[in-house]
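Lettered A, B, C and D in written order, each chain numbered from 1.
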Amino acid sequence: MSLINTAFIITAAKAIQKTIVENEATLESLDREIGDGDHYINMKRGAGVVMEMEAELLPLTADAALHKIGMKLLSTIGGASGPLLASFFMSMGKTLKENGDDSHAKIAAAFAAGVEAIRQRGKADVGEKTMLDVLIPVSHAFTLAATQQHDVRLICATLIHTAEQGMLSTKDLIATKGRAAGLGERAIGHIDPGAKSCQLIIKTVCNLVLNK
Amino acid sequence: MSLINTAFIITAAKAIQKTIVENEATLESLDREIGDGDHYINMKRGAGVVMEMEAELLPLTADAALHKIGMKLLSTIGGASGPLLASFFMSMGKTLKENGDDSHAKIAAAFAAGVEAIRQRGKADVGEKTMLDVLIPVSHAFTLAATQQHDVRLICATLIHTAEQGMLSTKDLIATKGRAAGLGERAIGHIDPGAKSCQLIIKTVCNLVLNK
Amino acid sequence: MKKFINHVDDLLVESLSGFAAAHSDLVQLHLEPHYLTRKHKALDKVAIISGGGSGHEPLHSGYIGYGMLDAACPGHVFTSPTPDQMLAAAEYVHAGKGVLFIVKNYSGDVMNFEMAAEMLPFESATVLTSDDVAVNNSTYTTGRRGVAGTMIVEKCVGSLAETGANLQACKTFGDKVNSNIASMGVALTSCTVPAAGRPTFDIDHTELEMGVGIHGEPGRRREAMREADAIVKDLVAAIMEDFNMRGLHAEGSEALLLVNGFAGTPLMELYLIYNTAAKLFAKHGITVARSLVGNYTTALDMAGASITLCLLDEEIKQHWDNAVHTPALRWKI
Amino acid sequence: MKKFINHVDDLLVESLSGFAAAHSDLVQLHLEPHYLTRKHKALDKVAIISGGGSGHEPLHSGYIGYGMLDAACPGHVFTSPTPDQMLAAAEYVHAGKGVLFIVKNYSGDVMNFEMAAEMLPFESATVLTSDDVAVNNSTYTTGRRGVAGTMIVEKCVGSLAETGANLQACKTFGDKVNSNIASMGVALTSCTVPAAGRPTFDIDHTELEMGVGIHGEPGRRREAMREADAIVKDLVAAIMEDFNMRGLHAEGSEALLLVNGFAGTPLMELYLIYNTAAKLFAKHGITVARSLVGNYTTALDMAGASITLCLLDEEIKQHWDNAVHTPALRWKI
């Protein structure tokens, strides 16, 4: 039995867009502080274009929809977050297609493949003050929880918590990847904008699942 | 008997410089309102350069000193006020040299020649919202008072008063000469900066004479 | 006021020195009195000299060189240069065929150049530029101000002079080019005269100054800030109205469209202005045959822009197109 | 925020349209995906393509033309363009000898160009520019940012490509030019991203941002505002320190000195900066053999400037001097 369907992806996309817009002030000021001030605009543009794809996505299987979203984001967002998020969706879609989505473990594996694509594209890892400080721990937690056959509610709660921790962890880091890598010590005390938006996205999707 | 001497000219120049500096805020804001904001700077530069001429002027006769001041101002002030004030001093000096300075009438005539030089150089007349709205009435009053053989104290009081009236009269005029001519109705309500500085100069010199 | 300066009194000479050093292949700086000339004196041609208050860079010094000016006389910021500068410059560049002064029509500039011309020991003529249509009421007898169109006059007359044309021909052609030009500007912020240290005018973020002068002189009126297209529409309308009023047939004509930045407005916005202006002029039946977009006549640090249209006949077009080699304008050479 | 815009979402396309219209003799605009190419496709040479976020005009579009770029891909303001733009541009300008991408070293630009290169159906290479010495600590593994020196790389490689040099030669030369360049910038005010509508950073009138990035990224440190000479001294020192640290012998070398404005600083101040910088470099035994002063790599409307020194050998000097004909840089043609 398939655990993800395209209708859910579309619902999630809408919820994500809402979350991003609600967090305009936060996202914008984080990227102003240690970046170039466009992260919110980039994320909003990405979320917006996915909204416009609803009709096109609906007939597709979930894996194909995710892949298509990735392709679209690749040619829409730009900046650093564009190719990274695009790689995530394309890879996750590809892995779902290969392995199926009939268990939480398979979804966790697909998620992990997406995160791995980001890691490779960005040549970054945990501790470099990027979105990966959220995504890598979340991916590990997801894999672990799914392997341990936790209940979906517990999985979601864990992921929300892990994302939050990861996001907060970026605050005290010096950046060694991305635009903030120019700042040295001055980046300390500021949360990474990409980490913040990924945390918000994970929270939004998990909350959707929880409230299903 | 000569009524002007170079020592007095130098004393007057010093007093004029002091007056201009004291009126920085007024002169600057008048030219900001209906000009380009440099009138105070121009007048200060002019006054400053005359200060530096003290040693050079002292040995000269009054007419030669005035002419020399005019020449120096010509190559120092620039802008609209530069050639106008320069023409004034050169013409006044020239007329004093030709006619002498042994009566108030002769000095009034020399002053009038200076004003006439401004009028010709600037192709302007009373009512065009320029320094001539001060200088022409003052020149007329001077000639009249001198012809009527008024006492020097009365002459000075008259000139101070006339200059003040002339300066104030510019407030309600539309400018048809100078930079403010671009403003049309918008110039109304603002005193002309050149009129203001001329009024201040006349007042300063007359007060010197009064307090001699 | 936040500027890259040391002492306000040294700004001009330090900046001129940097300019001369950066373009030492093209120009030479002379001090006390201050003027700049071509590095290599041109022979057997009318000497073209311009000048004016500083703060409008690259005007005029940036236009010294083959096909344009022989010399430029920089005054203090926003203050006309003095006759001794013009005299010294003229002595230096005069090549036996007379001197043509190109002077922006401001009382100060006119009088200082006039006095220089009177003292000059050889033949001279003067072209007054007066392209600013913001001042459009004929009761203001001083006449219109010279603004960004001045550099078009300098370019075209400079080209003609290079052909060996005589003084009268250069003067006549300069007057003709000037009369084919109309400009109109708008400011979003004020400039700050360094020696004054504070903005020349106060302007709210909801306002703009329509018809502003290049010295921050107030313009036609203070208006509400609005979208670019609406602003450009008004600038273009003022220009078209002026051509009509003067009986010049802009419709059906070819033209040079110059979108000039006052220094504080980025190229991105200037091109956006160009985009709208070019379309509007096309609607008026004008063929925009030549274009120039950038900071060519600035107003210190003011944010704002002006639109200049120069109607082209074959002669003007040819002289615009001819080779020019100056620090700020260069082509075909 | 006071800008000449209509709707923030239309700014880019309207501005690009104006740019293409104003330079229709030189460039052609392609939309969806957005890219610009030379008007006349060059044959039998390596295709040189650059691109990056918009807001740095004239970089990169202004450098399209003979002797420089074949195409440029403009992203949204301060946002790297996307791979589909590079792919479409490459398809269009590829002339059988491969494609060289010139990319400023930012994560976003690097990744987007990298993905384009991976998808490209023909040979390509990439030169990453990384001239900004503000980021000098080797622990920041992303490496240095590409700033104003990028246009020097584009100019020199563009010239080499015109000679018919192959892809590898162009790539090698581009890397060499890049490694000969060091830049350092300073901001007096912040830029304002139009879509954000407010300044990227707050800065007091008593402060400056030393080592600022061309996107308004914070620099080395916030410092007290001071006289120009003191600021320039620090910029020059940072550049010299970098050359020394990298074991490059600047002393005794010829160099190109570029004083670049970020858009909000007038030419007058840039020349003053040049004046001081040139003297300081001379004291270091450097012969400033070539100069460029102006707004060549901007940061929207930021007031500020950067100093770039490019050490010249005969090869680099020759390619810098060779003819170029683009909207923003033109000589000998």
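The criterion applied here is as follows: contacts are C-beta pairs under 8 Å (C-beta built on N, C-alpha and C of every residue); 3 or more make two chains touch, one makes a residue touch a chain.
Since we're looking at a predicted model, the values are computed, not measured.
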>> Along the graph of touching chains, what's the shortest path length in steps from chain A to chain C?
In response: 2
> Which neighbours do chain B and chain C have in common?
Replying inline: none
>> Need the CA-centroid distance for the pair chain A / chain B, whole Å please.
In response: 76
>> For chain A versus chain D, what separation do you get between their C-alpha means, in angstrom?
In response: 32
>> Using mean CA coordinates as chain centres, what's the gap between chain B and chain D in Å?
In response: 55
> Taking each chain's centre as the mean position of its Cα atoms, how many Å separate chain C from chain D?
Replying inline: 29
>> Give me the residue numbers in chain A that touch at least two other chains, ranges are fine.
In response: none
>> How are the chains arranged in terms of who touches whom: line, ring, star, complete or other?
In response: line
>> According to the definition already given, which pairs of chains are in contact?
In response: A-D, B-C, C-D
>> Which residues of chain A touch chain D once you look at their complex with the stated criterion?
In response: 28, 32-38, 40-42, 45, 74-84, 121-122, 128, 174-184, 186
> What does chain D use to touch chain C in their complex?
Replying inline: 1-7, 11, 14-19, 21-23, 54-55, 57-58, 62, 188-189, 205, 208, 225, 227-229, 231-232, 257, 259, 263-276, 278, 288, 291-293, 295, 298, 300-301, 303, 305, 330-333
> Any idea which chain D residues touch chain A in the complex?
Replying inline: 33, 53, 75-85, 106-108, 111-112, 114-115, 132, 134-135, 137, 139-142, 145, 193, 195-196, 200-201, 213, 215-221
